[in-house]
Amino acid sequence: MKYKGIITPMLTPFTKAGSIDYAATETLLDFLRSIKVHGVFPLGSTGVFNWLETEERKKFLEFVIEHSKGMKVFAGVGASGSYESVKLARHARDAGADVLVLMPTYYIKPDQNYILNHMNLVFGKIDADFFIYNIPQFVGEFISVQTIESLIKANPNVVGIKESSGDMRYFSRLIRFSGKEFSVIQGQDDLLLPSLSIGADGGVCGTTNFSDAVVDLYGSFMDGNYVKSREIQVSRIDPMMEALALSPFPEAYYAAFYTKNKLSGGYREPMGTPSDKVIREVGKYLSDQ
Amino acid sequence: MKYKGIITPMLTPFTKAGSIDYAATETLLDFLRSIKVHGVFPLGSTGVFNWLETEERKKFLEFVIEHSKGMKVFAGVGASGSYESVKLARHARDAGADVLVLMPTYYIKPDQNYILNHMNLVFGKIDADFFIYNIPQFVGEFISVQTIESLIKANPNVVGIKESSGDMRYFSRLIRFSGKEFSVIQGQDDLLLPSLSIGADGGVCGTTNFSDAVVDLYGSFMDGNYVKSREIQVSRIDPMMEALALSPFPEAYYAAFYTKNKLSGGYREPMGTPSDKVIREVGKYLSDQ
Amino acid sequence: MKYKGIITPMLTPFTKAGSIDYAATETLLDFLRSIKVHGVFPLGSTGVFNWLETEERKKFLEFVIEHSKGMKVFAGVGASGSYESVKLARHARDAGADVLVLMPTYYIKPDQNYILNHMNLVFGKIDADFFIYNIPQFVGEFISVQTIESLIKANPNVVGIKESSGDMRYFSRLIRFSGKEFSVIQGQDDLLLPSLSIGADGGVCGTTNFSDAVVDLYGSFMDGNYVKSREIQVSRIDPMMEALALSPFPEAYYAAFYTKNKLSGGYREPMGTPSDKVIREVGKYLSDQ
Amino acid sequence: MKYKGIITPMLTPFTKAGSIDYAATETLLDFLRSIKVHGVFPLGSTGVFNWLETEERKKFLEFVIEHSKGMKVFAGVGASGSYESVKLARHARDAGADVLVLMPTYYIKPDQNYILNHMNLVFGKIDADFFIYNIPQFVGEFISVQTIESLIKANPNVVGIKESSGDMRYFSRLIRFSGKEFSVIQGQDDLLLPSLSIGADGGVCGTTNFSDAVVDLYGSFMDGNYVKSREIQVSRIDPMMEALALSPFPEAYYAAFYTKNKLSGGYREPMGTPSDKVIREVGKYLSDQ
């Protein structure tokens, strides 16, 4: 079976007081179901997994799985430590996640051997479907095409790649891996149509936390309506992405979600509340639902 | 009038002894006409303009214009010095080039003010159609979207952009400038289809010096045959681009052209002859004509 | 009181089986006392704090403090999460560390506001002496000079900076902060003498885990013996640093320590055992003691 | 014979109208003689060689040699084209320059082979003393230590290196080449004392165009007065360098020179006149002479 379509890298809603807001999480999951995303990806970078405590991560994931009603759950199991990722992966599998998403070790800028050791260790120890997560702007290094080839060959449970580098040339070199049983997914909303045009299997798109534009684009593209796809990419998604870039990632995603749902909402430190200008700008792109 | 389609950033053929080979230049122009590129761009980076003497540049351009028979000529007028670019631009216009292609000053890493001063000076002094040429990997700096906006506003003779950064996100922010009288052109062959998918007006594609794949892709795309476009991009062009990257730019382009045309050929220093392996690899992608 | 001199960013010795080796840790502390370093810094990058579990970190720190016999203890309290750093800082202070060393949040590339929020939160909540730790190659961003100024002004308990960027120009701009009550310390062994020459207060130098060269250099410099300082920097330390760079950081530091002490030793994954060549190269620089 | 001491990378004075100002050039040479720099380096980056026409370059160099009265002349012969550098080198030698200073080819980001081909060609064809000029921020690539080793071995007429990368670690790896007949020179004023501390033979320092601080530092250092050297580096030179960085290089150097000498002065395009604030800031650091 192959994973396709639009997946939401879920933000982690917070209360004004700073703890995880589970009511708001339900609101988010209801919205995602209503706009028909194909899967949800809690505990990725948009979800600021790295600023959550381990117990928060586990509880949040369990809650999302319990309330996912039909949406596939891609669970982020990233950590700097290989053994920490093993533990998180074991928990996520036991909790019922469909796919586990693993990034390279980070902080100490890894070379390709560190990446191989880290990922082979986790893939080898946990019997579950995995996505490779490439995000060099945070990890400090690209996973080389050769490393990906080697990881896929050694680990039959690796079933896809989420590629978020923003480097379209690199992404195009991964398209070769897309096949009947393997998915290549674009992680940047503003590169979605270019990626679909060369054969990407879908997108992990942060704007779906508050907008249905990406889902519309994907639907139009699958219907063969290329003119409409282009219109959505250029006129709805790209300006939205420029507005979101006005605050350091991912503050403005949180502001957009809180504004859309009339929540006071909180920002886990070291995030802070974006300026009124940013809130106004991203406010232009919220879906009505 | 608007410039569209596929343009060849012509290499400058050399003899074994190291001077410009005009017979080989005719061979190249004949091939380009036969595969129906829409324009030729002599004296760009592929043409190693920066390793030619001023007199060589002028004579080569005059020869290309004279033998262009129906193909539009986009003449590179790049130089580090603003006044040198003015002189080259004046010559190119007088020689009959259709469009002049101007890059920022280079060597001293320019800030946006240096870019504005340099380009406004040349655009203002020479009454001709101009393309802006963005190539930050050699210039040391991107032309910011705001700078482009300002250049277009101040100079009605700026009619397009050749964007060769390889940064698809940046490229997508330029698409807004594409209009009835303004062209946005992709300068990287392996980003051609992604760029067309969001509305690019064409490509300046180096592989056309020895292959018709890019022209086929563009034709298929204009006919609405997206499946074929994708097939050409992924299976013909992308592997060719990987092979070309085996030698430092642009040696392998020269090797491919010489091999295709059974020329002994020369490499203007500091270029050298690529290894046999590189010549073999790029040899797989040559058109029959 | 002001902190000065040579501090060892302690590696965390592991057993072949992979757990922390406390006997080897005593061996290391004995060596450091014998060569007369002025302080020890457990749980920094050389100590791969990011690959240890929280309980391991706490226990290791307590052990080091207990066995430090007269050496000042600078305890790394770095984490991606601000609240995690608060907890680690509270523990380290209560355990009796002399100074706490705090880096910016990492993984999500922080802007200066994220850095300010993160550090102000920790400095404000824990009443202890702190060093700022600048290490942009792992964090993804420099702490700007202006941010440092602001942090010092707002937090009287900030008493120094460990600057490990390797950018000597940036380092020289920090020298202004060195004063009667504030220390500016170089974190790269191969920049030690250049840094002392402009007024640095000391060095946090990884090679002290197995070599006394840096301590010799510092002693010679303080004695006014500049010729000998230079000789040690150029002929003993710099070649050692080149050898250590043959493996991805910090594998070769571990190999050197294990070789020096005839320990079989382990490498916490994703580290691996360096090649025989690397072990041979770094083996040339071990102190006899 | 070995070249040592402080060398001035001369700016090229312009008249308000934009041509080279030879009267101001004499003023500059008189100042340099008065502060006792050991050599002058016309036609480097500070001299904006890349924005001069070939005839201007030649005439300016001849003028400087003619008026150098005892100061060694290091002539910049940099160009993107290898053959252009050969021609410039031949002219400079014939005009009587003491040393020719050659950088790698630029614009097309060179790999080490391009660098080797370019430099070996020029060194081999012109029988004169040469300095290698490393300036990766403009060239696009470092000259690797291995390449430098190879160039020195193959060309006995290479007698020194001007290293302007600003990377102190790289610089420290070059110190090994300093010997009885070979000079290693620092090209950044704010790294002068750190470089001297590890054995550099001198500095090519831009602030000498209007300030004697660097000459004072060098003299103090040679006299063994390390405290005074440090004081000059930290309190006079470093703040001056920060002020000069307020405008894009090298505008503020020109502003400082014109202000010091009460010249209206011009800025060869694409340079522009710095803001009043910049002129005020750099005005604080001018020598009285």
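Letters A, B, C and D name the chains as they come in the text, with residue numbers starting at 1 for each one.
As a convention for this text, a residue touches a chain if its C-beta (ideal position, glycine included) is under 8 Å from a C-beta of that chain, and two chains touch if they have at least 3 such contacts.
All figures in this text were calculated on a predicted structure; none of them were measured in a lab.
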**OP:** Give me the chains shared as neighbours by chain A and chain C.
**Re:** none
Original post:
Same or different for chain B and chain D, when you check if over half of the residue numbers at their contact belong to both copies?
Top reply: same
**OP:** Provide the C-alpha centroid distance between chain A and chain B, rounded to the nearest whole angstrom.
**Re:** 37
Original post:
Hey, how far is the Cα centre of chain A from the one of chain D, in Å?
Top reply: 50
Original post:
What are the residues of chain D that contact at least two other chains?
Top reply: none
**OP:** Sort out which chains touch which and give me every pair.
**Re:** A-B, A-C, B-D, C-D
**OP:** Give every residue of chain D touching chain B within the complex, in rising order.
**Re:** 45, 48, 50-53, 80-84, 105-111, 113-115, 117-118, 121, 137-138, 140, 248-250, 269-272
Subject >> List of chain C residues in touch with chain D within their complex >> reply: 166-169, 172-173, 175-176, 188, 190-191, 193-199, 226, 229-230, 233-234, 238, 242
